[in-house]
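Chain IDs A, B, C, D, E and F follow the sequence of writing; residue 1 opens each chain.
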Amino acid sequence: MTALRAMLGRELRLALRGGGDVLTLVLFFIITGAIVAFAVGPDSVLLARIAPGMVWVAAFLAMLLGLDRLFRPDHEDGALILLRQAELPLSAAIAAKVMVHWLVSALPLILASPLLALQLAMDGETFWRMVASLLVGTPALAAFGAVGAAVTVSIRGGGLIAPILIAPLSIPVLIFGVGSITASQSSAALLFLAALSLMAVSLAPFAAALAISSAED
Amino acid sequence: MTALRAMLGRELRLALRGGGDVLTLVLFFIITGAIVAFAVGPDSVLLARIAPGMVWVAAFLAMLLGLDRLFRPDHEDGALILLRQAELPLSAAIAAKVMVHWLVSALPLILASPLLALQLAMDGETFWRMVASLLVGTPALAAFGAVGAAVTVSIRGGGLIAPILIAPLSIPVLIFGVGSITASQSSAALLFLAALSLMAVSLAPFAAALAISSAED
Amino acid sequence: MTDRQVFPPLTLRATGLSCGRGGMTLTADLSFAVAPGQCLLLRGPNGTGKTTLLLTLAGIVTPLAGTFELEGTDSEAGPQLHYCGHRNAVKPRLSVRENLDFWAQVNGPTGLDIQEALAEVGLGELGGLDAGYLSAGQSRRLALARLLVTHRPLWLLDEPTAALDAEGHELVTRLLDRHLDMGGLALAATHDPITLPDPGRMETLALGVRT
Amino acid sequence: MTDRQVFPPLTLRATGLSCGRGGMTLTADLSFAVAPGQCLLLRGPNGTGKTTLLLTLAGIVTPLAGTFELEGTDSEAGPQLHYCGHRNAVKPRLSVRENLDFWAQVNGPTGLDIQEALAEVGLGELGGLDAGYLSAGQSRRLALARLLVTHRPLWLLDEPTAALDAEGHELVTRLLDRHLDMGGLALAATHDPITLPDPGRMETLALGVRT
Amino acid sequence: MSIDTTPKQSWWSRIAHPGQFVAWTSPLLWPLTILTAVLFIIGLWFAFFNSPADYQMGDTVRIMYVHVPNAWLSQFVYGVMTVSALGTLVWRHPMADVSMKAAAPLGAMFTALALFTGALWGRPTWGTFWEWDGRMTSTLVLLFIYLGIVALWRAFDDQLRAARIIAVFTLVGAINIPIIKFSVDWWSTLHQPASVFRADGPTMPGSILTPLFVMFFAFTFLFLTLHLKAMHTEVKRRRVMGLQRRMAQGDAA
Amino acid sequence: MIDLGPHAVFIVWAYLGVAMTVAALVGWTLYDARSTARRLAELEARAPRRAAR
């Protein structure tokens, strides 16, 4: 337990001391909203129509940005080899990483989402549904991202492959995420999203650990 | 001259031999298009409206994704120090890097743009305007990105400054880029974009070189 | 650390072990046994597969043929070895103490106290410093301190003395000697001379001469 | 390489030089001069500022006080020095030959031919291999080959023998000796003993004892 | 961490050794090729000369004889890859990763062909090449997954090491594909009121079923043949890479 | 040839496209097999000592 706490603490410190990563993410998220709003023009009906989708696309793309930093630094300075020999199981270490990844790359987006809602002329009720759907759905994105990053970590310079691998896998998250904002049966979609997140979060650390421990050096 | 050619060749090889080869990037854009369709829904009128914005967001994202690989590997394995002592001026080396960055992260997008246009239900005329605007505008993104990456790599904890630095520079590019696809005075926007790119590309290598060479190790 | 023989008596035995990278055999058909309190030095020119052998024993690289086993461990016990490779796994953004503390927690703090371990490797006063500021030798010392904060019977050291000064060489010898005293095992690949006070504890395995 | 004294007679002179990192003085008030054909060995425990001094002379770190100068260069000439640091600047994705060729082009191919240089450092047959596959010592050899493909009078070597085997130590000695023969200058920070055939060419600067 | 190398005298170990696998399965190649060719000839003859036009879709029903087999194979090949991935991860069977690698580009091609023929069929029947229909869309996603796997194989320079990692990803994909299918169905019914009709009524007359089945087997055997051949090539390619590396290293120990 | 009705273009294109792709794949498979076998033979001729491993 203390080992897991130590892992969480280390990851958080590394992520936060690293500096601008979080800010880049948030800025990217907001810029995406601004650009789309600009492209569509001042048609608030249309904007509101596309808003749920755009929020999810922006969130998905923003979460891709931090992916390469999940395992690569540890791979390159030899820490990943040592983690494979730690008392703490590798999958637990990865679970901690996924959690911190979510904390530093999804949570800031959710906190910044009011700005996006404003840009995309979202009404109050939709806004709250969006917050709920992001809260419930982004863990799945983080988990899939971890699998993608783990699979590509031993590829030198393979930064772009991970997004390609996980984008098709993330489509259900996107569909249910958008569905839980717009659809008439939004609560059903939200439930599904929750189930998906739960499954992804509970399985991904093991898959990622398997991928990492079957990579040589 | 041969030194510059060697630099270009090395950067190209490094970029292409990694996982980030052109096929991967092309795939990335196609998948981005599909993601947008999944999120917004299969309504071709809607898709066409947001298409210009999405194209530029995708381009921006692709450039951001590759940014970390611009100077960081060279910084970490000590090559950046050696480049400061090379016969080839550092700014020339950086210019080569920016050029290759554009070649591997913007050009494939432009090549893949017909597929993106298809997915997002763009009409023929818009498509050509998009190609023109991407061709003219992406160099500026690459150049600004290089400055941001240089600042980040050289200043410890300078991570925080970089995004704040790039964001205000990139937003005009994105706005004019989108403008030159949609707006009625698209040729004016395109001209502006060209001026911006020209300025950015010619100044950025010097700014980046200054940032790097004023950093201690 | 005060009591000797803290480890159960283990023996590392390899029979017919062939290691290699990318399908290419580097060290063929090795058989050796390392008894408790014994240190095996791996020697050989650059590129003969010392690192590869250590990685194989650490379970990172799959052996091409043959087997090896740490006899005497009960299967319940967790990882039994420390690998200390070329790269130090030091995070520049964390302080020296945070770096070490992290590994102590993650591996189980069964060994020395953090501060003691830092003092032992000569970093006692740098605990609060950002680890990115450490010199090459200091980073190496920090990596060695990791071996001290968690007791594990088998040490796999890859050029432990790299970047260390004369005092650092002594430090490595001292640490190794104490580890063997406690009944530990060690394999060390090195180009520098390492001489333990009791030469009977050291054996040398010279890997094939190439290139 | 056949003719001796290919470099103009240069002298590296430092007067009252203080180097340090982050505002903290490490080596205070150094004065020394290195004449053509001379090698200055920097010695001292870990963390005393050998690397910092070399980086200062390479122009990467600004000195805290004092000056240094390479006397005898005309200001038109490009960079006059090779810095060979702890890290090897070897790109894993490029082949060994491509790696070396790149630096030859970028620094100006005024020295040995690529293949000759590789043979010189003992990598003659690995030219086509992906550099990521090189062992630690082989990578170091590749870094040393970079010094050979471009002639530059001043060599700043940071632990040149790190990770090298016995034959590699000889290689470094041989390369240094030949460089001094040609009228070159060298500064080397090292923990290993380096002995040139002609001891008159070597001087030692022991840096202060800290921590 | 130990590897058992004691020889087992079962067929399992006979195909476990790459060299023996090639020697053992090579005689199968020609019969498979001939069988495939014969099936194609019969199937095409049926498809063009011995089957009626559908009363509803007219002659376009003939596209079905290439569409459905490809669509089926697009999923079957993923099944083959999944089983191979299990073989790599669970049984560490050396031929499993070869099979996995050889199948990926074939699967991508069959999926692409399913999309292509489907699109060409959609135009006359639905009046559009592309509709965001559930089945079509999930096939598109499947294509992305295939292409991702192909890209992944290309990105690793050490194919032996790549196999286990890619096996993990293949299995993750296998879990996810049913979810994708389901979610896409849900999505398109959500967005699209019943504008799409499907002509896959259960009442297919036998005269249509016969060519369908023959073509179905023809394509399946085509896959088996190509897969086997590609596996042989892959085994040889690995030996080439091993030899090249050894040669690049000079006289290895 | 039989009459394919009003949509002959689509049918013909579907079959042609499938045929061309399959042909290309078969061709590529054969080419790949041949060139790999040739390289293997070359290498084994150059390094006969280690031909079998």
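The rule is short, and it goes like this: a residue touches a chain if its C-beta (ideal position, glycine included) is under 8 Å from a C-beta of that chain, and two chains touch if they have at least 3 such contacts.
Because the structure is predicted, anything quoted here is derived from the model rather than measured.
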Notebook entry, point to check: Max contacts between which two chains?
Noted result: A-B
Check: If you take the mean of the Cα atoms for each chain, which one ends up farthest from chain B?
Finding: C
Checklist line | Distance between the centres, which are taken as Cα means, of chain F and chain E, whole angstrom | finding: 15
Check: Using the average of all C-alpha atoms in each chain as its centre, how far is it in Å between chain A and chain D?
Finding: 46
Checklist line | chain D and chain F: spacing of chain centres that average the CA atoms, whole Å | finding: 54
Item checked: Approximate Å spacing (C-alpha centroids) for the pair chain A, chain C -> 37
Check: Of all residues in chain D, which are in touch with two or more distinct other chains?
Finding: 21, 86, 93, 125, 132-133
Next item on the list: Can you tell me which residues of chain F touch two or more of the remaining chains?
Entry: none
Item checked: Shared interface positions of chain B, touching two or more other chains -> 14, 17-19, 24, 27, 31, 34, 38, 41, 73, 76
Item checked: chain E partner contacts - residues on chain C that touch it in the complex -> 22-28, 48-49, 59, 62-63, 65-69, 208, 210-211
Next item on the list: Spell out the part of chain B that touches chain D in their complex, as residue ranges.
Entry: 2-3, 5-7, 9-10, 13-14, 17-18, 73-74, 76-79, 81-88, 93, 216-217
Item checked: Residue ranges of chain D in contact with chain B within the complex -> 21, 55, 58-62, 78-79, 81-83, 85-91, 93-94, 98, 101-103, 105-108, 146, 150
Next item on the list: Using the touch definition up top, name the residues of chain F that touch chain E in the complex.
Entry: 1-8, 10-11, 13-15, 17-18, 21-22, 25-26, 29-30, 32-33, 36-37, 39-40, 43-44, 46-47, 50, 53
Next item on the list: Would you tell me which residues of chain E are touching chain B in their complex?
Entry: 131-132, 137, 140-141, 144, 147-148, 151-152, 154-155, 187-188, 191-192
